[in-house]
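In the two complexes that follow, chain A is the common piece, with chain B as its partner first and chain C second.
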Partner chain A sequence: MIFTVIIPLILACFVPLLSKIKEKIHTGIFVFFIPFIIFLYFIQFIGSDFSPIAKTYKWIPSLGINLNFYLDGLSLLFVLLISGIGALVVLYSIYYLDKTERLGHFYVYLLMFMAAMLGVVLSDNVFVLYTFWELTSISSFLLIGYWHFNERSRYGALKSMLITIFGGLSMFGGFVLLSVVTGTTSIQSMIEQKDVILNSTYLPLILGFILLGAFTKSAQFPFHIWLPDAMEAPTPVSAYLHSATMVKAGLFLVARFSPIFSSYEWFFIIVSLAGIVTLCWGSYMAVRQTDLKAILAFSTISQLGMIMAMLGFGTKVAVFAAVFHILNHATFKGSLFMVAGIVDHETGTRDIRKLGGLVTFMPITATLALFGTFSMAGIPLPFLNGFYSKELFFESSLDLEGATTFASVLAQVIPYLAVFGSIFTFVYSIYLLFGTFAGKKHLDLLPKKPHEAPIGMLLSPFILVLGVVLIGLFPNLVNGTFLAHAAEAIKGAEIDQHIAFWHGFNTPLKMTLIVVGLGFLLVLTRKKWAGAYRVLPGKLSLNKLYDYILEKLDIVSQKVTQSYMTGSLRLYVAIILGVTLVVTFIVMLVTDGFNIQFDNLADVTIIEVSVVAIMIVAALATILAKNNVSAILILGVVGYGVAILFVLYRAPDLALTQLVIETVTVVLFLLCFRHMPKLRKRNETSGTKIVNIVISVGFGALMTLIGISAHSSKWFESISNYFIETSLKLGGGHNIVNVILVDMRGFDTLFEITVLGIAALAIFSLIKLKRGAK
Partner chain B sequence: MEIIILILAGILFAAAIYNLLQKQLLRIIIGTGLLSHGAHLFILTMGQLKRGQPPILTEGKSDYADPLPQALILTSIVISFGVTSLLLVLAYRAANENNTDDMAQLRGDENE
Partner chain C sequence: MYKPNDLILRTTTSVIAFILLGFAVYLLLAGHNSPGGGFVGGLMTASAIVLMYMSYGMEAVKKILPINFRTLIPIGLLIAVSTGIGSFVFNVPFLSHTFGHFTLPILGEVELATAMLFDMGVYVTVLGVTMTIILTIANDR
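Presenting the complex of A and B:
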């Protein structure tokens, strides 16, 4: 089973080589065989005695992440859709894309997407599923931005990327929680442990995260906004990704996990509500569009909402209807996208206001569109599959009940919303068909003179429409052998659904009649009520909200960064010191670190006190000094004071060094001072001054307090006795400090010498090397 | 006495930080000088002050001042000297090249 996922990836590596000979043969011809072979491979599994197949290939066994593949009815439905429609789309693209396009890129992305999608539906391991899931997002991003020189393409690609990756990451969070709760990474083992999950306190979080992933991918309200913008992609991509496969990944996810969550009432509420709202909003908005592909995009949104709602209902009829409609939608929507592509290709525009009366020029395309749109509208004719699934949808919406008040109210409202959404579905379907192919001709508005498409381009939509009609004529053709297995995988129980064209004059049929009647009326009076769009949505737009959020994020983050990254080093120093001060102070207080005791102190003598007093005065005077020489000399006073303290505290070597170094430093300062700019009085605002004073005084006080506390609590004996005892024995020297420096801790000295050397070299180069000199 | 030395160190720190936060380069270098003096006194006090002989072995004496902090301070003095002199020359170059020694004016480009 794994080879079906691997082969497209491997062949994707060879596509660039193949596309080098594109002058002679279209690259798509080589690519076509891959999905076709995969389709043939999977078709053998169709049969009434099908049972799930599991395969495991090791990947990261230590983390429990393996390439677990699992083929059950649900996966089978999807792999057949992916490979079958994949083959048709490749066939179509051979005629749609010119040889001058960058075909190598196109087919690499497409094969990458196909492999990822097959991986998503076949994975049994949540983390593998997530990996493939993100790969679909990335390859979809690449495909939407295929014409990257087009600004709208780049915008659409980025938008879909941001939204689906957002959902993907949230889904990943849900998966991590699931695997933590159940201790396994396999979806089938999770389903076996569904009681553990349902009793977990994380259940709402898990459900929310996973549904967020599914809703963003499947373009459910309010995350549907990326799908219309993704229509900037080449039409084969729109037909494949944004109608038949990728947008159904979210449906697949919900279906896959519904054995776990279906008994949890919030699953019913959230999924049904999101689905039904999406259905209504998508179909309502579709009527307003003027671009053929935009109509189809909103139509896809609304149909996905319908399937999502049925998955939320979770009854036997609903689950079966959902599976059935996934298949039906893929057939008629795929063909409609291809028809839109043909119209675009042959007339040069997709704007429905410029089109009209094309039936005389393109009779075959018009016929194909007729079947597609009528099936989409659910018109009761015995050769259209859309009618059956719509009928089942109405039927399932009627017998819903909820345990809580909210759920039962929702169950009451759903049939009405379903009818409402279906009326608009009818309206846009008819509008799409008649607006394009019937009515007045506007030949002067068209960039090209319209004519019928080449036979190869018509082949793929023809095959899909053949599917529409075949399922329409023999609705029970694939029931027991194919769809029942898929429904069983979702529901967890056997489902034996018989579809009849005429099942009596019952409520669902009445609902259909209402839809057709009211829809017909609305189509005729479209101009009169089109003003409604000025009220709803009017100026409200989720796209505007999305743009606003992105823009604000940019502006706010820029402002935040600019507010503290001013380029002023003084500010940074103040922030560093201020934070250090506050944090240290709080930590010391909280941990009771200030420990001040006055025992074990040396005596106070006059000499020391007077030295200290001089140093204090000198230290404060450095701040007040007005000119360079006095500032340097006052600093020198502090240094010599330190040297005297070293003398007093029995540190002859330190005193010596300090004296010499202080002298050299003062000399250095004086050497520089002639060249240094003069000290000037700098005007500071009093606010800055106060802040500086607070920080410096606070810092000094804090250090004193820490020093006293540290001095008051000596926890261990000093190790210096060892140095004193062994200085002569081991080091052979009387001067203990020097023995430590060159013998016991000689390494310090080595690198201190290095520091001096580096400083000397740096000073030399600073003086010698001038800017611009070679 | 340790308390007094620590207070002195604290005042040195305070003066050092105040100088560090000034606009002029020279003041900042003076600040670093004061900061290292404060730190040295700090290390010295962490040992014990004025106990016993200077740490040079002599016959018949066994009570010596703690030699380890002294060794550490000696290392530190040399390093801070190296850094201070480098800073000094750097400030000289910076002031010359940019014709200002005002930190408020010494900034990179807006988008650097």
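Presenting the complex of A and C:
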């Protein structure tokens, strides 16, 4: 089973080589066999006696992350869709894409996507699933931006990337929580432990995170905005990713986890509500579009909403209908996208206002479109599969009940919303068909003279329409052997659903008749009520919100950064000292660190007091000095004062070094200041001055307090006794300081002289290598 | 052209420089047992040389002391590091020092410590560093 995931990835590496000979043979011909063989491999599993298969390959066993593959009915449905429609899309793309395009890139991305998608639906390990999930986001990003010289493509690619990765990351959070709660990374083991999950306090978080991932991927309201913009991709990509596979990854995720969550009330509320709102909004907005692919994009959104709602209902009928509709939608929507691509390819435009009367030029395309759109609209004819799943949808929407008030109100409202959404579905389906193929011809508006597409291009949509009709004629053919297993995997119980075209004159049929009747009325009077769009979406637009957020993020982050990264070193020092001051002070206060005691202090002599007094005066004078030479000289006074203190405290080595170093420093300062400009008066506001004074005084006070506290709280005996005792014995020297420096801690000294050496060489190169020097 | 007469400065320098150099060597050698050591010794030597530069000028001192002070930095570091590495020969950890008492022909009994060698490295480095910095900055026109 693993080879179906790995082989597309490996073969993707060879595609660039094959694309070198694309002048002779279209690269797609080689690629076509990959999904086709995978499809043939998986088709053997169809049968009424199918039972799940699990395989494990080690990846990171120490983290419990292994390539656990699990093929049950649900995965089987998806792998067949992915590989089957994948093969058809590759076939279609051979005729759609010219040999002048960058075919190597296209098929590498497509194969990468296919492998990732197969990985998503076959994974049993949540982290492996997440890995493949992100790979689908990335490859979809690459495919949407395939014509990257096009500004709209880049915009659409970025938008879909941001939204789906946002959802993907939150889903990852949900997975981490799940694996922490259950202690396993396998989805099947999680399903077995569903009581643990349902009793966990993290349950709302887990559900929210995972659903966020599913909703963004499946373009549910309000995250649907990326899908219409993703229509900038080449049409085979739209047909494959944005109708049949990737957008269903979210549905797959909800279906996969619904055995765990289905008994949780909020799962029903959130998923059904999101689905039904998406259904209504998507179908309502689709009528407004003028671009063929935009209509199809909003139609995809609304159909995904419908399936999502059914998964939310969670009843046996609903789950079965959801699975059935996933299959049906993939067939008719795939074919419709391909039809839209053909129209675009043969007339040069996708604008429905310019199209019309194409039936005389492209009769076969028109016929294919007829089946696709009628099936999408759910028109009650015995050879359209869309009708059956829509009937089941109506049926399932009728027997809902909620435990809480809110849920029961929702259950009451859902049938009406379902009918409302379906009416608009009917309207846009009919509009799509008749707007393109019937009515007046506008040949002068078309960039190309329309003609029928080549047979190879028609083959793929034909096969899909054949699927529509076959499932429509013999709905029970796929029922027991195939769909029942998938529904069983979602519901966790056996489902025996019989599909019949005529199921009595009951409520669902009445609902369908209402849909058809009102739909016709709306289609005929479309011009009269089209003004409604100026009221309801009107100026409100989620796209505008998205753009606004992105733009504001840019502006605000720039403003925030500019507010403190001013380039002024004075400000940075003030921030560093201020933050250190506040944080240290709070930490000291909270941990009760200030400890001030005045016992064990030495006596103060008059000499010490006078030296320190001189130093204080000199330090204050340094601050107030008006020119830099005097500031340095006065600072020298402080330095010599320190040397005297060293003498007083009996540190002759330090005193010697301090004296010489102070002299050298002062000399160096004087040497440098010859080149420096005079100190200038700073024009600072009194506010800044006060802040600076507060920070410096506070910092000094804090350091003093810390020093006193450190002295007051000696916890351990000093180790200096060891040095005193062993200096002569081990080091052979009477000068303890020197013995410490060169013997006991010679390592420090070694690097201190290295620092000096580096400093000297740095100064040398700084001065000798300045600009203009040879 | 008017040239200041710095006879007194030059005469005193020729005396003081030797005293300073001698004191510097004393600081270096006595460091192990009395205040002093390589660091102060190096600084003191440097100040003696700087004094010579100040009174006799660049050309004269360059003739007397034809040393490129920059090369003293790696030499000093090399001495210090090799005293550390030398301890490997005796199969002891890096920078292990030892000492012993020896009777030398003229000086009589003397205590010799390997730490002294390390201090020599410090001395040479500090001398090189100080002279490099001061000369580089002073020559910068």
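To be clear about the criterion, the second predicted complex is superposed on the first by the 764 of 774 C-alpha atoms of A that agree within 3 Å, B and C clash if a C-alpha of one lies under 4 Å from a C-alpha of the other, contacts with A are read in each partner's own complex, and residues count from 1 in each chain.
Methods note: a contact is a pair of C-beta atoms (placed from the backbone, for glycine too) under 8 Å apart; a residue touches a chain by one contact, two chains touch by 3 or more.
None of the values given here were measured: they were computed from a predicted structure.
**Student:** On the A-aligned overlay, A:K768 touches which partner chain: chain B = first, chain C = second, or both, or neither?
**Tutor:** second
**Student:** Where does A:V516 make contact in the superposed view: on chain B (first), on chain C (second), on both, or on neither?
**Tutor:** Neither chain B nor chain C is touched by A:V516.
**Student:** Touching A:V667, do we find chain B (first), chain C (second), both, or neither?
**Tutor:** In the superposition, A:V667 contacts chain C only.
**Student:** Please work out whether A:V604 is in contact with chain B alone, chain C alone, both, or neither, and reply first, second, both or neither.
**Tutor:** A:V604 sits against chain B, while chain C stays out of touch.
**Student:** Which of the two partners, first being chain B and second being chain C, lies in contact with A:G731: first, second, both, or neither?
**Tutor:** second
**Student:** Which partner does A:D743 reach: the first (chain B), the second (chain C), both, or neither?
**Tutor:** The answer is second: A:D743 touches chain C but not chain B.
**Student:** May I ask you to name which of chain B and chain C touches more residues of chain A?
**Tutor:** Between chain B and chain C, B touches the greater number of residues in chain A.
**Student:** Under the stated touch criterion, which partner chain does A:I138 make contact with: chain B (first), chain C (second), both, or neither?
**Tutor:** neither
**Student:** Mind sorting out which residues of chain A both chain B and chain C touch, each in its own complex?
**Tutor:** 652-653, 657, 661, 664, 668, 672, 675, 734-735, 737, 741, 749, 756, 759-760, 763, 767
**Student:** Considering only the defined contacts, which chain A positions touch chain C in the complex?
**Tutor:** 652-653, 656-657, 660-661, 663-664, 667-668, 671-672, 675, 731-735, 737-739, 741-743, 746-747, 749-750, 753-754, 756-757, 759-761, 763-764, 767-768
**Student:** List the residues on chain B that touch chain A in their complex, please.
**Tutor:** 1-27, 30, 33-34, 37-38, 40-42, 44-58, 64-68, 70-71, 73-75, 77-79, 81-86, 88-93, 95-97, 100-104, 106-108, 110
**Student:** Show me the residue ranges of chain A that touch chain B in the complex, using the header's touch definition.
**Tutor:** Answer in residue numbers: 567-570, 573-574, 577, 598, 601-605, 608-609, 612, 615-616, 619-620, 622-623, 628, 631-632, 635, 638-639, 642, 645-646, 648-654, 657-658, 661, 664-665, 668-669, 672, 675-677, 679-680, 682, 684, 692-693, 695-697, 699-701, 703-704, 707-708, 710-711, 718-720, 723-724, 727-728, 734-737, 740-741, 745, 748-749, 752, 755-756, 758-760, 762-763, 766-767, 771.
**Student:** In the complex of these two chains, what residues of chain C are touching chain A?
**Tutor:** 27, 31-40, 43-44, 46-47, 70, 73-74, 76-77, 80-81, 84, 94-95, 97-99, 111, 113, 115, 118-119, 121-122, 125-126, 128-130, 132-134, 136-138, 140
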